[in-house]
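Shared between the two complexes below is subunit A, which has subunit B as its partner in the first and subunit C in the second.
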Partner chain A sequence: MGYFVELVVSGLAIGAIYGLVAMSFAVIYKATGIVNFSQGELGMLTAYTSWSIATTLGAGGIATVLIAVVAGAVIGMLCERLIMRPMLGEPVLSVVLVTIGLAVVLRSIVTIGWGAAPHKFEVAGVDAVLDIGGMGMRVSQLGVIAMLAAALAGFWWFLKYSRFGVAMRAVAADENVARLMGISTARVQSVAWACASALAGLAGVFFAVIYGLSPTIYELGLKAFPATVLGGFDSVLGSGVSGLVIGVLENLVGGYLPSTLKEVAGFFLILVVLMVRPFGLFGEKRIERV
Partner chain B sequence: MKSGFFKQRYAELVVLTDSRAVKAWTVVLFAALLLAPMVLGPFLLAHVTVILFTLVGALGLTVLTGFTGLISLGHVGFLMLGAYAYAIGVTRLGLPPELALLASAGVPALFGLVVGVPSLRLHGLYLAITTLAFSHIVSAALLAGGKFTGAGRGITVLRPRMLGIDLSSDRAFYWFCLAMCVLAVLVTLNLRRSYVGRALVAIRDNDIAARTMGVNLVRYKLLAFLISAAITGVAGAMMAMYISIVSVESFPFLLSIEALAIIIVGGLGSVLGAVLGTVFIVSMPEVFAALTSGMGGRLADLMTTSAHEIKSVLYGLAIIAFLRFDPRGLRGIWHDIRHAWVYWPLRY
Partner chain C sequence: MTLHLSRLTAAALVTLGMSLPALAQQQGVTDTEIVVGDILPLTGPPALLGVAHNLGVKAAVAEVNAAGGINGRKVRLISEDDGYVPSRTVQGVRKLITSDKIFAFTSISGTAQAEAAMPVIKQAGIPAMAPITTYEGLYNPTIKNVFAVGYDMSNAVEELVSMMADRYPGKKWAVISQDDDYGENVRAGFERAAKAKKLQVVSTQVYKKGQADFSSEILKVKQSGAEALMAGGVLGENVAMTKELERIGHKIPVGVTYVSRVPASAKLMGPAGENVYTVDYVYLESSPQGKAFTEKLGKYLSAEEMPKVNRYSYTGYAAARALFEAMGKCGKALTWDCTNAELAKVKNLDTGVMTPISFSATNHLAAPKLLLLKADPAAVTYKAVQ
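Right after this comes the complex of A and B.
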């Protein structure tokens, strides 16, 4: 029983990281209707940038989180402005393929810039182990779960009550009508990219702090994909929660079944889910009329 | 002056080419390719061989993504299945190479049918995700396969004797690749103009309209997956013979991206596009390396230390640039040049 609880708890910690990335997928999908395949790479670039800044400044835990948010937002806005903005109004397929191109470029830039060797992301105090009901958990693991909770609450408020969140939903519902109502699609897209990149950046930084910084962080994008699909692409909150589900599932599979299955457990799950509910658990069912 | 071409009979519509010039140039190109091993040095010969088997794989993806409009991010999965089917057939089951080559088309085709089933319910991006999941599952399964699949170490395959011809020399292998490549080109060209090919294009352009016109979506989507997987699997077997070892590492996810880059850069949905794209994408890193080594200095150092990264940056930039500036790809540019040549000094 103790083993099971341990697997679930450490699954929640990694699941919270997946959840943050999954939310970032959903934010961009919600605002622009495209799936950004470079999400993991944006998170990786942000993690490396934050590492460079944080180690030169010797930043503590909270300062590192702030650096990650700001760096992520700036990187996201830059990518949107330089690569995605010119593609506004092009067919969805083209735009999605551009994000694939962007992913490949970002991945290589990070490897060229920072080298392929792994680094240690050291932040003072986060390795301390807290004792919670007989379970040892690191501060960083608790921190990422708290971060996901904060992000979920923040986005729930943002999408429901803030002016910009409502504008974002309007663009997602019908881009042309939203434009007729005076909403700038380009600005919504820009903010969405900044938010998404900041979320992915947070995930990347937490992953780097807990497991070490290496060019394989981009795989977070692939690992979080099942979570986004499970939750539904147009459901930001659903994706975040599904991240936890995928994290726990993966850890349980890794604990009780052969370890190679761990890597693909999430993919198996979404194959099943997609067959039954192609729009995800919390996604909106779109009705096509002919 | 010509005022246009008017096709009046059905046969004229489906003919491969009605131009004598095209026929003549095709013969010249084919003769040049046939005689190439006599002229080219070992490095260039290897380069052309790589182009040939890459083209077979690109044609496989063209059938699925170019003709039918079903995006696949998991074609490396079919490539792996083809390579492993061949390697396992030859080394573990002791099949003759000819049969193993057939297996390298058959096994992926079977899996293509399975992967095709979700495509009946899923559209666009969701399908792309399913195929992505498929390729990850394939590589995980091959890694978990123990002795039978060679797990992490892979399987060594020697160049075979096929139909009594020894393929161990580079020249013989080149001719084998050329033959397979010509076969693949002919298959896709003829598929495109047949009833099946036009049904596939109809599904790509508007699946609901296609269904109204009597195209059976279930049958043709599955058929597209089947044909595409079979062609890609053969490319995988050729690749296995070329690099003479089959392991999961030799089929990275980047190959799926490279295949997409090829058909986008060349021009989606055409065989000529696939050919142009393959030549462009495969040659680009080599040309770039030659240019930078000529310039010397830091750029050349970078090229030698991180050649792999530079290569993928180039793929990425090529995808972005073509989608941004000319989504019709190299084929579109070629059309423009031809038009300009024919109609000069008029614009149309």
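Right after this comes the complex of A and C.
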């Protein structure tokens, strides 16, 4: 039983990181109707930017989280304004291809700017191991689980009660009608990119703190993708929860089956789920595929 | 008219006669210069080793040039970046041979990359040093013009596990390795050592390349009752494994391959690296030889380049030194055949940065002597055990 619980708990820690990235995919999809394939790269660039700022300032845990949120939001807004805004009104496929191009550019920027060598993202105290019922957990791992919980609660409130959240849902429901009602599509898109990038940035920073900072962080996008598909592309909260499901599933597969199956477990799960619910566990039926 | 033609013929003969020595000279060699090339990952994550390696070669080139060159000819290095992509390696190798017309290769990138480029290099007959990868295809069977500087990875793992088994007798062992040729080498070496030392192996796991989280693998190691682990990752994977062991409080000795023996690895592991062992044929940066080399590098590299130096700078320097030594023995009549023949005669060459290098006509793998090292978290490096 102890072994099973330990597998589940450590799966929740990596799953929370997937969940944050999965939520970021869903936020952009919900507001703009496109899948942003540069989500992992946005997380990576935010992690590097946050590392530079946090190490310069000698920031602690909470300050580092704030830096990640602000840096992620700024990077997201800049990408939206400079690259995605000119694509407004263009075919969805073209916009999606631009996000793939953006991913490649961001990877290059990181390697040119910070080099390829891995670095330790040191934040005082977060590497410490806490004993929780005889089970060791790092402060950073508990932190990312708490962060996902906060993000889920925050987005639930934001989408349900805030004026901007309602506007975002209106744009997602029908862009033309929303525009006729006076909602600025461009503004909604900009906020969506900022929020998504901040979420991916948080995931990138937590991943870097736990596993080290290296340009391979962008692969988080690929790892979190099954969670978004599982949860439903238009379900921000469902994607977040599905991240936890994928993380735990991977760990249980790794713990009880040959380890090589661990990395494909998430993709296998979405194959099965999509056969039953093509729009994901929490998504709406009218999803349009590209 | 006849006289005019004769004069023309004579002039042509004189011109041809003057150009004959040049025609006889091997490509990449002029009266004043020898052009050498290398192809490495200078961008992307593996650039950690590619850039460092390139700096070692640069230092060797600068050093030989400062001493007057090789038999009066200055050496010029052309470096190509393959981004660790085999197709780009083949392209770069072709460019260096046919367009840049280099005389020799000081390095030919990683395992899959060298494997892809080997038919071109073999067919050309151009002298090629292979100090980054030592996969078996480079030296078994012997290729006339290819010389690997390093140690066979599976043999290195065998030595490491054997040395650790002697240090920690009677322990139950686990091995975690990658699902590629690198992992195969780790498993092969581990299995040989386990058989020879009669080790009790309680857990064998293979993970998918690119994996970052090793929590389930390490929990499985603990669950199996393993008391020693051979962590067969490249760099980040080994760091993740040791940190997971620290997290669950399972303090056991861990072996990692020398690929991980870079300062970044020791720094990333931090206190989790307390029980980590490796073997290496390259001297430690903190050793007297390492300190002397750092001083030498300081003369030839810039302040921006110095922080990028690691053990791969040592291997780059040593391989280039072996190549230059062989080229030097050919005198003025420098040819590929002569260089290949002289390289096969290199015996106990002490480059000052690793244990001595030797080749023979039938053995083109230098296989320097291995040293057992242990991570030193306090100094963020490794220290010699024996």
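What we mean here is this: the second predicted complex is superposed on the first by the 286 of 290 C-alpha atoms of A that agree within 3 Å, B and C clash if a C-alpha of one lies under 4 Å from a C-alpha of the other, contacts with A are read in each partner's own complex, and residues count from 1 in each chain.
We adopt the following convention: a residue touches a chain if its C-beta (ideal position, glycine included) is under 8 Å from a C-beta of that chain, and two chains touch if they have at least 3 such contacts.
The model shown is predicted, which means the values in this text are computed figures rather than measured ones.
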{"item": "Contacts of A:272 with subunit B and subunit C, given as first, second, both or neither", "value": "neither"}
{"item": "Contacts of A:111 with subunit B and subunit C, given as first, second, both or neither", "value": "both"}
{"item": "Which superposed partner A:132 touches (first subunit B, second subunit C, both, neither)", "value": "neither"}
{"item": "First (subunit B), second (subunit C), both or neither touched by A:83", "value": "first"}
{"item": "Touching partner for A:214 - first (subunit B), second (subunit C), both, neither", "value": "second"}
{"item": "Touched partner set for A:97, first subunit B, second subunit C, both or neither", "value": "first"}
{"item": "Which of subunit B and subunit C A:258 touches, first, second, both or neither", "value": "both"}
{"item": "Common ground on subunit A, meaning residues reached by subunit C in one complex and by subunit B in the other", "value": "111, 258, 260, 263-264"}
{"item": "Touching residues (chain side subunit A, partner subunit C) in the complex", "value": "3, 6-7, 10-11, 13-14, 111, 115-120, 127, 129, 135-138, 207, 211-212, 214-216, 219, 250-255, 258-260, 262-264"}
{"item": "Residues of subunit B touching subunit A in the complex", "value": "71, 73, 118, 121-122, 124-126, 128-130, 132-133, 136-137, 140-141, 143-144, 208, 254, 257, 260-261, 264, 302, 306, 309-310, 312-313, 315-320, 323-324, 327"}
{"item": "Partner subunit B, residues of subunit A touching it in the complex", "value": "35, 83, 86-87, 90, 92-94, 96-98, 100-105, 107-109, 111-112, 222, 225-226, 229, 233, 258, 260-261, 263-264, 267-268, 270-271, 274-275, 278, 290"}
{"item": "Partner subunit A, residues of subunit C touching it in the complex", "value": "43-48, 51, 176, 179, 205-208, 210-213, 215-217, 219-220, 223, 235-236, 239-240, 246-249, 264, 267-268, 270, 308"}
